[in-house]
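Labels run A, B, C, D, E and F following the written order; every chain starts at residue 1.
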Amino acid sequence: MLKRLLAPTIEVHAHCDLPCGVYDPAQARIEAQSVKAIAEKMADNDDPEFTTRAILIKEQRSQLVKEHLWVLWTDYFKPPHFEKYPHLHTLINEATKLAGAGGSKGSHDIEIADQLLAKVDEIAEIFWETKKA
Amino acid sequence: MLKRLLAPTIEVHAHCDLPCGVYDPAQARIEAQSVKAIAEKMADNDDPEFTTRAILIKEQRSQLVKEHLWVLWTDYFKPPHFEKYPHLHTLINEATKLAGAGGSKGSHDIEIADQLLAKVDEIAEIFWETKKA
Amino acid sequence: MLKRLLAPTIEVHAHCDLPCGVYDPAQARIEAQSVKAIAEKMADNDDPEFTTRAILIKEQRSQLVKEHLWVLWTDYFKPPHFEKYPHLHTLINEATKLAGAGGSKGSHDIEIADQLLAKVDEIAEIFWETKKA
Amino acid sequence: MLKRLLAPTIEVHAHCDLPCGVYDPAQARIEAQSVKAIAEKMADNDDPEFTTRAILIKEQRSQLVKEHLWVLWTDYFKPPHFEKYPHLHTLINEATKLAGAGGSKGSHDIEIADQLLAKVDEIAEIFWETKKA
Amino acid sequence: MLKRLLAPTIEVHAHCDLPCGVYDPAQARIEAQSVKAIAEKMADNDDPEFTTRAILIKEQRSQLVKEHLWVLWTDYFKPPHFEKYPHLHTLINEATKLAGAGGSKGSHDIEIADQLLAKVDEIAEIFWETKKA
Amino acid sequence: MLKRLLAPTIEVHAHCDLPCGVYDPAQARIEAQSVKAIAEKMADNDDPEFTTRAILIKEQRSQLVKEHLWVLWTDYFKPPHFEKYPHLHTLINEATKLAGAGGSKGSHDIEIADQLLAKVDEIAEIFWETKKA
């Protein structure tokens, strides 16, 4: 629980391009958790109608992960951040790829969902460091 | 900061109607914070083009607050919750009204945004009590 | 036909949060009828590709039922209505749940679609009473 | 009121491309009524913030009129209908243009909204004739 | 390649109803190519999860073809065009039907996708003739 | 015209994450052209209602530029591309920023729209080189 309390929570879609200045990596993480929960439910239920709904909804939730991360990449992070964290471009690019066809959209492997969550957490850690800076 | 760590964070859109079981009031709160930040920026800037964009984006963010709260109301809360918290229907109804035409959509009053945030926090408090129960 | 002529027709999404003052429960009912028609077609056709499309489209139509009803709940109905019809909160809450994972999204049972239509009609009856009042 | 009871009600978005077979011109009409109500409110209120919101919402409602009519044109009407009603293509094309930049999107003239409603009613009349045929 | 260089490229959604005056049939064509590529991939892969995703995505891409063509029909083409090309209404109507339930939404037949592409190309040819006129 | 014929055309949204393999930078370019055309029209017309609609639509078109470029960045470009073109991350990041609050969303300066178009063309050039490779 302490980990939860201290964990960076990530949000991106909240950024509104006014910009309002509100960013929080929590939204991407919540959607990634949803992707994992769907993968787990798929492992426990092979009713074909349920599976179809699960694939459909996993597609939508994975897409939201991508969108939230894209907003962070374009709207929150600035040149000095990319200078200070030279792997940040690659990290976010890999995270968004992990939410796509070669990742959680194309697969219901729980391991893939865990990799996605780990990448989102890495981005969140950098995010919160930059907020403190 | 302690308040932030302990504060309920609210999310609703993350619920995917599979259902994946992931709910968190944080998303509604993030959008409501965005609404308040927009109202504050509007108070400091009367460039007409900026004002137009601010109204447009405040409309979208207020709508997201409504949608996140609706998902909590329909998809997370169950009959026993409504029994235990008899004002819960009214509370959520008022919160969604506060994000509509008579609230943060129709007004850029910072006070309105604060009332909206307060209602969202009340809902989040109940949410987290039910999670512990 | 007389029943159709006299029947309350329900619409919610038409409300635009200006607010323009145009509400009509017809839209929720049309979407609920669509849900029922999809369930009936699923009963008559077990081609897997058709079934996949039917599940996908039933998901979207059920979502529209929810959204139309949410708009009525938040934007049309006012405190005096909830006072006069004390079960109105519960009624709308149940109707939206019936269009979700535990209702017409998760099931293609025609009986579920009929229950959803019946709830929508109950809401429409109250809606039209309040319009006359 | 009799007129309302007997009037064709038009809906298009309800058609789901399964297809579920549920079409009703009511939705296009409800959105067009919303467009007119917005134009009327704009005539009575020249608060700039209200005007901005009204323009924004009129844009969305006009777009919905277009979409509902497009669905009727493509998904409901079939070659024999176009043969029997040779002006049907032109009628729907004109109606959708009336909901665009040269019509209710670009203007808040109440007269334009009335013309749009009249066109929608003409389409609805044909729709209901074809249903009886 | 010359064919590609000279080929009409079609776009419709780019028209923004300001109107900005930018139309190009390329977008409809790109989506129709996507529909065909999906149909080809479905022919080569019968993994059920892949098939479900393919049906879902083919539904979305077909819908985009329809929307892009509708915009051309309503927003770009004017009465003199319909006079000069008397089959233009029918041509666009048939093309949009080919992207619907009776066409590329309801079928993964590559031949259907080819028919859709051919219709889109016919529309593009007329489009570019009118631009030169 | 030769320039048009030879020019890279860019598209991104057409990629469907199946993936269908259809990418084309044309869509981003068409939206960016739309942004420029809107800025030009705003320079020639200071009717306030027109200006409001222009700001609203410029916001949507700029958003589409961002989305199309994000899809190229995540879904089309692969690690070897980023290795061969080390400035590609920065280039796409700058282009998406140019379509945001600090670029064509927040400004109607025609010069900004030209900068956005230039960046999109640079990305398209690389895109077409990688297609030939």
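The criterion applied here is as follows: contacts are C-beta pairs under 8 Å (C-beta built on N, C-alpha and C of every residue); 3 or more make two chains touch, one makes a residue touch a chain.
A quick note: this is a predicted structure, and the numbers were derived from the prediction, not measured.
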Minimal step count in the chain contact network, subunit B to subunit E: 2
What chains do subunit B and subunit C have as common neighbours? A, D
Note, CA centroid farthest from subunit C's centroid sits on chain F
From the C-alpha centre of subunit A to that of subunit B, how far is it in Å? 22
Quick one: subunit A and subunit F, Cα centre-to-centre, how many Å? 24
Rounded to the nearest Å, the gap separating the Cα centres of subunit C and subunit F is 40
Using mean CA coordinates as chain centres, what's the subunit B-subunit D distance in Å? 33
Pull out every residue in subunit C that's touching 2 or more other chains. 17-18, 48, 52-53, 56, 59, 105
By the touch definition up top, name every chain pair that qualifies. A-B, A-C, A-E, A-F, B-C, B-D, B-F, C-D, C-E, D-E, D-F, E-F
In the complex, subunit B touches subunit C at residues 17-19, 59, 63, 66, 70, 73-75, 82, 89-90, 93, 96-97, 100-101, 105
Tell me, which parts of subunit F touch subunit B in their complex? 48, 51-52, 55-56, 59, 105-106, 108
Using the touch definition from the top, list the residues of subunit D that touch subunit B in their complex. 48-50, 52-53, 56
For the complex, give me every residue of subunit E touching subunit F. 5-6, 9, 11, 14-18, 20-22, 24, 26-27, 30-31, 33-34, 37-38, 41, 53-54, 57, 60-61
